[in-house]
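What follows is a pair of complexes built around chain A, which joins chain B in one and chain C in the other.
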Partner chain A sequence: MELAIGIILGCCALGAGTAMIAGIGPGIGEGNAVGKACEAIGRQPESKGSVTSTMLMGCAVAETTGLYALIIAILLIFVAPNYLVNILMKFIG
Partner chain B sequence: MLLPIVAAMVLKVIFTPASQGVEITGALIYFTIPMPFMDLPIGESQVNSWLLIISIIFLCLFMTHGIKERPNLKRQYVIEWAVDKVKAMVGESMGEYFAGFASFIAGIMVLSAFSSLMSLVGLFPPTSDINVVAGWAILVFFIITYYKMKCGPVNYLKGFTKPVALLLPINIISEFATPVSMAFRHYGNILSGTVISVLLGAALRTLSAKILGWLPGFLGDIPYLQVGIPAVLSLYFDVFSSLLQAYIFAMLTMMYVSSAFDYDLYSQRQNDKQKKKQKKAAANA
Partner chain C sequence: MKLDKTIYKETAYIAIWTLIFSVLMNAVFLVIKKWDLTVLWGNLLSFASGVLNFFLLGVTVQKALNFEEKKAKNAMKLSQSLRLLMTFVIAVVGVVLKCFNTVAVLVPLIFPRIAIAMRPLFDKKTGKGGEISGNGRDDSLADEPSDGRDDAVDATETNGEKD
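For the complex of A and B:
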């Protein structure tokens, strides 16, 4: 019994950690976007306002995949163990 | 104006169970209303958002009362600047036809920004509950579908088979992905700020207990490192991120709604309808 619950908790933590690997993608993407925006501002300093607002918008949209991973990780840490242990209890009785 | 916020604080203090240590909890549930299928829990997020709505109404009344043609009050300048900004933004990104959307966009922006900023005074921000944000996203989804339907239901259904009929399932999925991604984006950003703040607070407390724990008596119990350092992160996660998310939610709403509506097709259809009516009238006469 203890072993089964331990495996559930450990696997939930492992899954949460693995899910957050997805944080790499938005990091690279946003870095690219900001770098290009800096280049654009360097070329045309007068368009700073519109470039900055467009960049913030794009960054926020690019962040979405990372946030999906974050939500999965949070679900795995805070919600899944309780739920899975309840299922286990029902099976074993 | 500030009374509802104070009421929310008092409610929180009354209902918070005494606890030790750092915990990441969801919204407190004040009471539940029995419903036919599922009990309806009335929690912190619902109560806080209603109290916030009341305060925003009073804020609007305060800002707009006693305005004159020749402004002599500071608040009139502020509110006129805000209204002009929102109108310019809506006109720029949605076009002439949607000029009436300015009030809706301003409303959603103010509500979202103030809900997220509620965490500054120690209250539970309603936007870090997915149900609240999902409600807004579903509202936006209905508006999008309404404007897509405006060119006729047949055209709406035809839109799913573009550019190729093979893409039908993918188009249907992407239709439903719009509200889901809007809700998750807003919720995830606010929630991640909360989680990181709590983790940092716990880490700093442990660290100061390890480093400065040798001080005699109660001096050793005070978490010195917790002073000041979390404020820097809070400036980013609570203030900047909240305002940015409000702006982005409004901006995405405008983009989705305006791209859902094809003005040329709509005016062409209206013209056709009028011509048909005229023909009918001519035939009858």
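For the complex of A and C:
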């Protein structure tokens, strides 16, 4: 029984850690976008307003991937273990 | 540092739409008869977190635009990590404390993304979308010269008149 609960907790933690790999991507993507925007503004300083606005939205969209991963990780850490252990208890009796 | 008005404008847009979606979510909770104060508190916590996250993103973007390319990249990576950490802490507080409903804390974190996805539809209706015309240029930029060619043509004509 303890072994089964241990496996469930371990797998949940492993899954949460794996999900958070997706948190790396948005940082790199946003960095690249802002870098290119800096270049663009350097070439055409008068377009700063529109570039900022578009990029802000782009960055927010890119960041959502990280937020999805965060939500999955939180669910796996705090919600899934109780739920799965309850199912196990019912199954074993 | 004085903040650009674009940031306030975009944050206000996100805040308004997140608020609308939050009200809708509360309505759904009411309809399924699972609404209580924990839903409201959780929703408020998540709403504040989402809007603050977007505002901080805007501030970082404005700062980063004044840096050189490599420094801007690093600033954005650092900012993203810190904001993700902030969101994580807020979400964990919302999930662990019993005075917040878990679903009401986690679901509004996605609302800004939905608001951004809806933006093109909203802009098309109000005519702000800047539709691309047949020549491939954005019509919203019609008053501005697309490149230096217009000026170059004028200069040539002027020179021709002089000759």
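We adopt the following convention: the second predicted complex is superposed on the first by the 93 of 93 C-alpha atoms of A that agree within 3 Å, B and C clash if a C-alpha of one lies under 4 Å from a C-alpha of the other, contacts with A are read in each partner's own complex, and residues count from 1 in each chain.
Everything that follows uses one rule, which is that a residue touches a chain if its C-beta (ideal position, glycine included) is under 8 Å from a C-beta of that chain, and two chains touch if they have at least 3 such contacts.
Every value quoted in this text rests on a predicted model; they were computed, and no experiment measured them.
When the shared chain is aligned, chain B and chain C each come close enough to touch A:64.
Shared-chain residue A:89: touches no atom of chain B or chain C. When the shared chain is aligned, no partner comes close enough to touch A:14: not chain B, not chain C.
More chain A residues lie in contact with C than with the other chain of the pair chain B and chain C. Of the two partner chains placed by superposition, only chain C is touched by A:49; chain B is not. Residue contacts after overlaying the shared chain place A:74 against chain B and chain C alike. In the superposition on chain A, the residues of chain A contacting both chain B and chain C are 56-57, 60-61, 63-64, 67-68, 70-71, 74, 78. By the touch criterion given at the top, residues 4, 6-7, 9-10, 14, 53-54, 57-58, 61-62, 64-65, 67-70, 72-77, 80-81, 83-84, 87-88, 91-92, 95-96, 102, 106, 109-110, 112-113, 116, 119, 144 of chain C touch chain A in their complex. Residue ranges of chain A in contact with chain C, taken from their complex: 23, 26-28, 30-39, 41, 46, 48-49, 51-53, 55-57, 59-61, 63-64, 66-68, 70-71, 74-75, 78-79. By the touch criterion stated above, chain A contacts chain B in their complex at residues 56-57, 60-61, 63-64, 67-68, 70-71, 74, 78.
Those residues of chain B whose C-beta lies close enough to touch chain A in the complex are 24, 181, 184-185, 187-189, 191-192, 195, 244-245, 247-248, 251-252.
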